[in-house]
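In what follows, a single structure is set out as structure tokens and then discussed.
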Amino acid sequence: MMFEQKTEIIFNKNVALKTFLLGIRSQEIAAHAIPGQFVMLRIGKGPDPLLRRPFSISGTRDQDLVLILYKVVGKGTALLQEKRAGEGLSVLGPLGRGFGLPDDEQVPLLVAGGIGVAPLFFLAQTIHTTNTQIMMGFGSSNEIIPVDVMGDFKIQYSISTDDGTHGHGGLVTELLATSLEKHTWHPSSLSLFSCGPKPMLKRVAEMALEHHIPCQVSIEAVMACGMGACQGCVVRSGSHETQTYQYVCKDGPVFFSHQIDWNQP
Amino acid sequence: MNHISDLRVKIGPLGLKNPVIAASGTFGYGLEFEPLLDLNLLGAFIVKGISLSPRQGNPPPRIVETPCGMLNAIGLANIGLEVFLRDKLPRLKNLDTHVIVNIYGHSVDEYGELANALKGVDGISAVEVNISCPNVAEGGMAFGTDPQVSAKVTEKVVQNTDKPVIVKLSPNVTDIRLIARAVEDAGAHAVSLINTLTGMAVDIDKRIPKLANISGGLSGPAIRPVALYMVHQVVRTVKIPVIGMGGIMDCRDALEFLIAGARAVQVGTANFVNPTATVDIISGLREYCDEQGIEDINEIIGSLLLECR
Amino acid sequence: MNHISDLRVKIGPLGLKNPVIAASGTFGYGLEFEPLLDLNLLGAFIVKGISLSPRQGNPPPRIVETPCGMLNAIGLANIGLEVFLRDKLPRLKNLDTHVIVNIYGHSVDEYGELANALKGVDGISAVEVNISCPNVAEGGMAFGTDPQVSAKVTEKVVQNTDKPVIVKLSPNVTDIRLIARAVEDAGAHAVSLINTLTGMAVDIDKRIPKLANISGGLSGPAIRPVALYMVHQVVRTVKIPVIGMGGIMDCRDALEFLIAGARAVQVGTANFVNPTATVDIISGLREYCDEQGIEDINEIIGSLLLECR
Amino acid sequence: MMFEQKTEIIFNKNVALKTFLLGIRSQEIAAHAIPGQFVMLRIGKGPDPLLRRPFSISGTRDQDLVLILYKVVGKGTALLQEKRAGEGLSVLGPLGRGFGLPDDEQVPLLVAGGIGVAPLFFLAQTIHTTNTQIMMGFGSSNEIIPVDVMGDFKIQYSISTDDGTHGHGGLVTELLATSLEKHTWHPSSLSLFSCGPKPMLKRVAEMALEHHIPCQVSIEAVMACGMGACQGCVVRSGSHETQTYQYVCKDGPVFFSHQIDWNQP
């Protein structure tokens, strides 16, 4: 199911440095979305910026509210940030393949880098086990996105900051390493879910391989259509000999980490 | 309002229920859009360019946005003729619209082979020949930049098919009228234009081209004035029908091309921005005709007045 | 910040204090902008194209906005050589920047006459030859669309002047490299590109072209990707310096062209939108160099990395 | 004198159907502007819409407030309408040649069609004689721009509407005709000033010719630069033999009505 709708903006609030939580009204998308899926927003009214922009669904609420967490990085997001409650917003979604949910015996470990928390919050909201853990890395303390912006779901979390202004000083993958060392879970009971900048994902993928933990990652690509029509959003998968392209918008954005060729430029 | 106006147009032997066609490479195999619109409403749609063998296409990034436009360097990625006929076509056959197959080859013979393979195949209404791809034998310049080579490709396709042949022209030429005339003389039933303009963008932070392929094809509203002028020129040069495209986003844009003399229009990049662009344009045209009391859309086509300017 | 970085570039024999030039036809005779900026800050500016006799230009409307661009059909309106030399030049002579005169003729001989008339004239640093205008003898196609004719015009100008000759190339060609090589061989000291792309717009209510002249030249951000690609191509074809332009609005846009290998850039349409665009770009380049620790802007020029793509 | 400034919007209020009064802060422009001059506003933030839009200065107030009356007709004015007090707006001006002011003995007759009132309000504000008259024509009563939106200057006015919903039912040129008939002024004591749609201006120009009244009109043209650099904004002047082009932005926008070739398309 996918929909193209003129939705209403319910709120659009600043939750951390350059980071906003957008709430839009769409019963259809809220009803059909699964964690890891995304929407394409048409931000401009005129012909520039031309293309829609992809954003993960970071949660749903009250049956008809779709939540999007976004960071202002360029011209589309700068325009989005100026929108106010009551304005209309054209949304296409839900799109793509979401996360395969862990079964009840598994311990889900979520690893997020920065705005990469977006799809993982939705995942955490959806998983019903109480032992879900999320590790989140941010640049600095003012960039931290509080878990409770999404409502009050129960989750254990730990935070790292690059500059050490909050939590562990260093990389979020170091939090993950510590966690994997300290704990005595059997690898087969663990399941990794990650989203964030590519170097981080690459490291997570390596650790998953080392520890034989199944790992799903949500990755990004520049997109034009979001629905498999333009063939623009490829990512290299497989190793050199068996290399093929996968379409991030329809084969992904969630992939098992071993499917991705992490050495592509 | 009672929609009495007649939107039907004829592209040579091909009758369309309205003059709106989804452009190749921007509408997948049609099926992708089924959840959002009724394909049967379309005048026609053109599938992604098909080659003899499947192609993976270019490495990423393949797409970059530019002012009022986008560059793409998909590299003609496609599933190949065989898989298309086996997996996609059966799902398109029962549609009440025209499915047009866009083809491209790496040599004149490959074009012939493709045409031949589509001969007699049910469910395909016409062939659109993409002559904008690099001609390896001629040092990488596109087939479509040379009138003689364009004519050769056209002739080959016409000889090898039983279907109407639309030749799709490249805008990256000094005088598009020469190419149009050459393919007309070679037997094309219609021409469509424009394909993308070649362009480039640079990442000033990394000092690399933004596209892995270095250059790409520019499409979208940015190119509309260029497209419209070429359509205007070609309409006044050939007798066969002209299908116009380039930056058409809405009904008003489509009307510019129809008034300039395009018998039909194709909608490309707009499908990404507004997936229902094609059907929105169709209903827009219908409303416009109703409002203006136009009974037959052919009254509008080519109605541009040049004298009073 | 102490601005120590060196922005000087050389266009053949011509040394510029920085690589930013105001483009012909968009900066009047320079004087119009004096209330808003210090002309002496510019690398150079190029006056509106001058012909032997004054020209009234095309009837209105001459201008229409398009997506991220504009079409103009000024029709090369200008005050003519004589009035320029008599009324305008004396007021430009004492400026501490380079004044470049853009010329165009209706025949090869007219180009020669113009060059000759500017020979030895004080206060003019170089001649820019606009070969994009219609060649009446050749059925209205522009001089600049044929390598041989382009070469002839260039040769004529070079023979008749003592000043550096910049030939300004038209983008409305199949392979701009052929023209660039031809004018290089004919003695041009530099090439500048691109002039406008030909385009058109239709008024769907009146069903007439929006421009009285029917077609016009497309400029502005819309054409930037096309311009950048042509600059990239020409830089890799000729040895003489390349001056890049087309849709440059700000410092980041200018950097794309410099990185691609343009020795200098021209700023056209941007002057209308932001009259201080030229000087804003100059200070932007200075800041960029400072931030990046670049001592000489020539380090950036042509620094595009193609291998890692 | 001309300035290019980032000004602040002080207000932007709806004063009639699709008609707004914009107040922007600029001491420099307010100090130098004369009636009939205009400014070029950069309405879009990005590259589309690309060009600035020309608007007459319709008054100044409190030394540093520049007033602009505008009608929403297309994409630029639709965007302008959305701007709020406090936002910035890039302005270039004052531009062009304004009206030659009448001397104290003359009776100024102002004839406006629709949004053509804009430069004439400024003119009326500037002229110090008490016998200034303005005749204003609008499509319908809801389009009427009240003279007092500009502050309280004393002026005699009469109104016509095309549909007869207010004042004289018919054309504003009919008001002018009646006025010229009824009154016993000597033509040499009259001075006409007009702005509005071209057919109206053409009629006013004819009447001025018939009655031998000097007549200044403010006319429009599509503009790119507004300052004489692009040569885009021409209007045909003179008759067929002596035809030349005038630049609306620098030779005008105010011309004597006999200078203009009213038969051009």
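To keep things simple, chains are lettered A, B, C and D as they appear, and every chain counts its residues starting from 1.
Operating definition for what follows: contacts are C-beta pairs under 8 Å (C-beta built on N, C-alpha and C of every residue); 3 or more make two chains touch, one makes a residue touch a chain.
Predicted model only: the values in this text are computed from it and were never measured.
Undergrad: Taking CA centroids for every chain, report which one is farthest away from chain C.
TA: Checked the centroid distances; the maximum from chain C is A.
Undergrad: What is the distance, in whole Å, between the centres of chain C and chain D, each centre taken as the mean of its C-alpha atoms?
TA: One centre to the other, that is 36 Å.
Undergrad: Let me have the rounded angstrom distance from the C-alpha centre of chain A over to the C-alpha centre of chain C, please.
TA: 47
Undergrad: Provide the C-alpha centroid distance between chain A and chain D, rounded to the nearest whole angstrom.
TA: 55
Undergrad: Can you list the chain B residues in contact with two or more other chains?
TA: In chain B, residues 67-69, 212, 220-221, 308-309 touch at least two other chains, as defined above.
Undergrad: For chain A, what residues touch not just one other chain but two or more?
TA: As it turns out, chain A has residues touching two or more other chains at 46-49, 265.
Undergrad: Once you've mapped the touching chain pairs, tell me: line, ring, star, complete or other?
TA: complete
Undergrad: How about chain B: which of its residues touch chain C in the complex?
TA: By the definition above, chain B touches chain C via 66-69, 71, 141, 145, 172-175, 197-202, 204, 206-209, 211-216, 218, 220-226, 228-229, 232, 247, 252, 255-256, 259-260, 303-306, 308-309.
Undergrad: Write out the stretch or stretches of chain A touching chain D in their complex.
TA: 46-49, 75
Undergrad: Where on chain C does chain D make contact in their complex?
TA: 25-28, 32-33, 35-36, 48, 56-57, 59-65, 67-70, 72, 74, 77, 212, 220-221, 249, 269, 271-276
Undergrad: Would you pull the chain A residues touching chain B in the complex into a rising list?
TA: Chain A reaches chain B through residues 1-4, 42, 47-52, 90, 92, 221-236, 244-245, 264-265.
Undergrad: For a test of understanding, state which residues of chain C touch chain A in their complex under the given definition.
TA: For this pair, the touching residues of chain C are 67-68, 308-309.
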